[in-house]
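Below you'll find the structure, written out as structure tokens, and then a few comments.
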């Protein structure tokens, strides 16, 4: 029995999906941890792009924001933000877009804009950021979010980012050039789209999770894929790498900053 | 009586038209000599932009091409070429565009594309380069060319670059944002557009030139402006600066280049 | 171009109702300038910024803004901007009109502004709801292929305000590190004010680096620490702890107002602001 | 990305009928690569380059090209490209189709290609004859203001070939000095081949400089002197005297063919080309 937390299971599972030398557009939070874990373990040549314009970055600690100095210092180079979106993302030069979201629906569409009505929001969320075009142009997208009936929903309050639209091949008929969300990594396992209907189904489950747990945490009747893989627990090496990364990050972020100038 | 050549008269006359700290988009050849002479004499703060992307450049010798290393080494900074045209020129950040041409017509339109028919050219010229958009966007344009009935023509073979179009205020009614050619500097003096008709008229004559000479070198019946100024001969200081610049340039360009590598 | 103290630069270039962009993507956020706008009590501003961040949270909470053009409004890595939410959800202290985009859309709009084009084009806003809540997201057809693409109107701020590491005595400004859309926001603006860490005799040699030349710049303000709690690469780091503490400060209206009064309204300038924070930390 | 000798890189990426862009604005013109294309006898190429320069004069004179997309076709500061003129005026050695633009138009077309947009927009081609001889210059209306602007189709070369100062062992390529439209031509291409002066363990530190990352690059060729008689900033200067002497060499068909035979066709590679020139200079 692993002593890994579910966050660690998620992060390790997501990291394993990246391959060496793949070019990855990284969202902040869990995706950033997963991408850097991959870089520190089996994929040392992964190219990480953050939307702040840092390309080929190899941070020693995880950034809090998407534009921390650590990212610039360890980058191969830094480009103006418009160029990240035009030359790299829209230009078709990104293999994997790694996103988070507040809500995902059964066809992999994302909401990060608003809970409730747009004009009279219940909860105003941060908004789109890079997500709509990352999901449109990256050759494939991975989405990470913690499962609950409020996050994995049958119907979005607002569609910020197109996944498979209404399903049934609708995305293929759309103008999106990228392949769409190939996997949603949750804290019980992985959902992948059904080849025909595009509905997200349970295709892999953490060894220590149960199908009942997965169904209870999903806002639509969760179907099982033809084959449901079991995901092995984080290895000792993976956990050690991830925990060392988090420890370095905590240490760095708690180090007091020398305030500039003053009176 | 000045011992200045007509090239020197032209260059000095053109240089005098620039003011300190004006932002100037520089064409190669005579315009480049004039702009740098201005910088070395009365306008030390003139900002010279070459279309190769070198901004605020202060070359010690004149470049042969528009992208010599000398321009990059002495530039305030160097930007990619598309940015020169989009952010600086189209962005409305250029005061003066300084152009040459093979032909100018009586309304200041320029041809640098072809003599004869486009499809079956008599003489194929280099083409547009930056000129059409320099003339469209710079707040004003100066044009330098040696006068002859073949260069100052009643009718262009090809309109590469719009000046005042067919005259009579046509340019003001067009979509061009810049003011158009304010002066054509020739080797007998300066032509400027008539305030109503936009026809180029003789408005200033080199002290040592004559109106007859000017008319003989102009392919349309050259009218005189309400007032024809006399242009004083290059001063000793101007000539000394210009000749020193040319001497440095000749010396630099004749210096043998160390060829790279080899077998 | 002129060298001005911050309060004069703001007084001269930021007027009630102006369209104002304080750019800088996480890095080089012009906090000092934003505080001075709050001190001067500006109202009805149309604020433009890809990532509003804490400084816009403060400006919105203090009632400076009428409209917000943006593409991501959160506290990076922490959570919500509570003052922005309070304005959007409950119109406190006043209603705010949202002109909401994606990053790619807003980048295209800044680029169009910088290039003096009326619109920007992108392959974006595909099959999502953003164009249903924003009439400024439209479509344009390619005259060659017939494909339909997204179009956004150019952004042309009345004034763009940046923070940078260095200016020279002519007013040329050099930026290094993460530049975000600073260059485009600068070139798109009718006026440009730049606060800098240092004024130097000569900018560092930087053949192809990002430089804003002096005749694009309207005012340079010497303002050390002007991006704090954001950061200036090579000068000081981002104060991540401050960003985290802002969550609690901003959650409550009274606590927010108290903090703003003590740190911004009752300090004379940015040096005073930094000194007060330092004193409390000591 | 792979490291290749020049002849293999050209053989692999340049095929008869291909659309090929050898970019570099005066600086870093890939002469060695152009000579190798001539040696390999490629035909019917669609050549793309803002400023054709001597290398395209040579390729056109040797019968490699069917079409030329360009915006200024002269010998900078010297005069005509006589081989280009002979092709355009007298179809020697074969007719050449001209796809002619202004610099601003061609820059917009490269930018569109780099951004994977089907067209570029500019305030250009105003009231001149260029759009009457080129059907690829069209118009597009702004969906916000109704203004009419010029549109040009994106350029997407089958292969872009550049020369640069340095690559590292991963294939990242760093360029400094005048960069022209190299970056855009690189990003717009289906394949990218870069000849470099040096291959180094680590690129010079260059926070915001122009870098083409390894996964954009298809082949790197170590080729010292590969831009000569153009230049590589920091390595060797432009040979202005060669540019001037080219005028007389290229004016006459026989003299041109003799020169090409002796210097390009009968030399094995670029080192041989340089050695032959050096021997004659000695």
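Remarks
To keep things simple, chains are lettered A, B, C and D as they appear, and every chain counts its residues starting from 1.
By our rule, a contact is a pair of C-beta atoms (placed from the backbone, for glycine too) under 8 Å apart; a residue touches a chain by one contact, two chains touch by 3 or more.
None of the values given here were measured: they were computed from a predicted structure.
The chains in contact with chain B as well as with chain D are C.
Once the centre of each chain is set as its mean CA position, chain A and chain D turn out to be 41 Å apart. Mean C-alpha position of chain A lies 56 Å from that of chain B. Chain A and chain C have CA centres that are 27 Å apart. Shared contact sites, meaning residues of chain D that touch two or more other chains, fall at 116-117, 122-123, 147, 177, 179, 183, 207-210, 233. Counting partner chains per residue, chain B has residues 72, 78, 86, 90 touching two or more of them. Chain pairs that touch one another: A-C, A-D, B-C, B-D, C-D. Of all residues in chain D, only 114-117, 172, 183, 187, 203, 206-209, 211, 213, 215-216 touch chain A in the complex they form.
Taken in their complex, chain D has these residues touching chain B: 25-27, 50-51, 70-74, 76-78, 80-81, 84-85, 88-89, 100-104, 107-108, 110-111, 122-130, 133, 147-148, 177-184, 197, 210, 224-225, 228, 231-233, 235-244, 271-272, 274-275, 277-278, 281.
Only residues 116-119, 121-123, 136, 138-145, 147, 149, 151, 153, 175-177, 179, 207-210, 233 of chain C touch chain D when the two sit together in their complex.
Within the complex formed with chain D, the chain B residues making contact are 28-29, 51-54, 63-69, 71-72, 78, 80-82, 85-86, 89-90, 113, 118-119, 121-133, 136-137, 158-162, 165, 174-177, 253-254, 256-263.
By the touch criterion given at the top, residues 21, 23, 47, 55-56, 72, 76-79, 86-87, 90-93 of chain A touch chain D in their complex.
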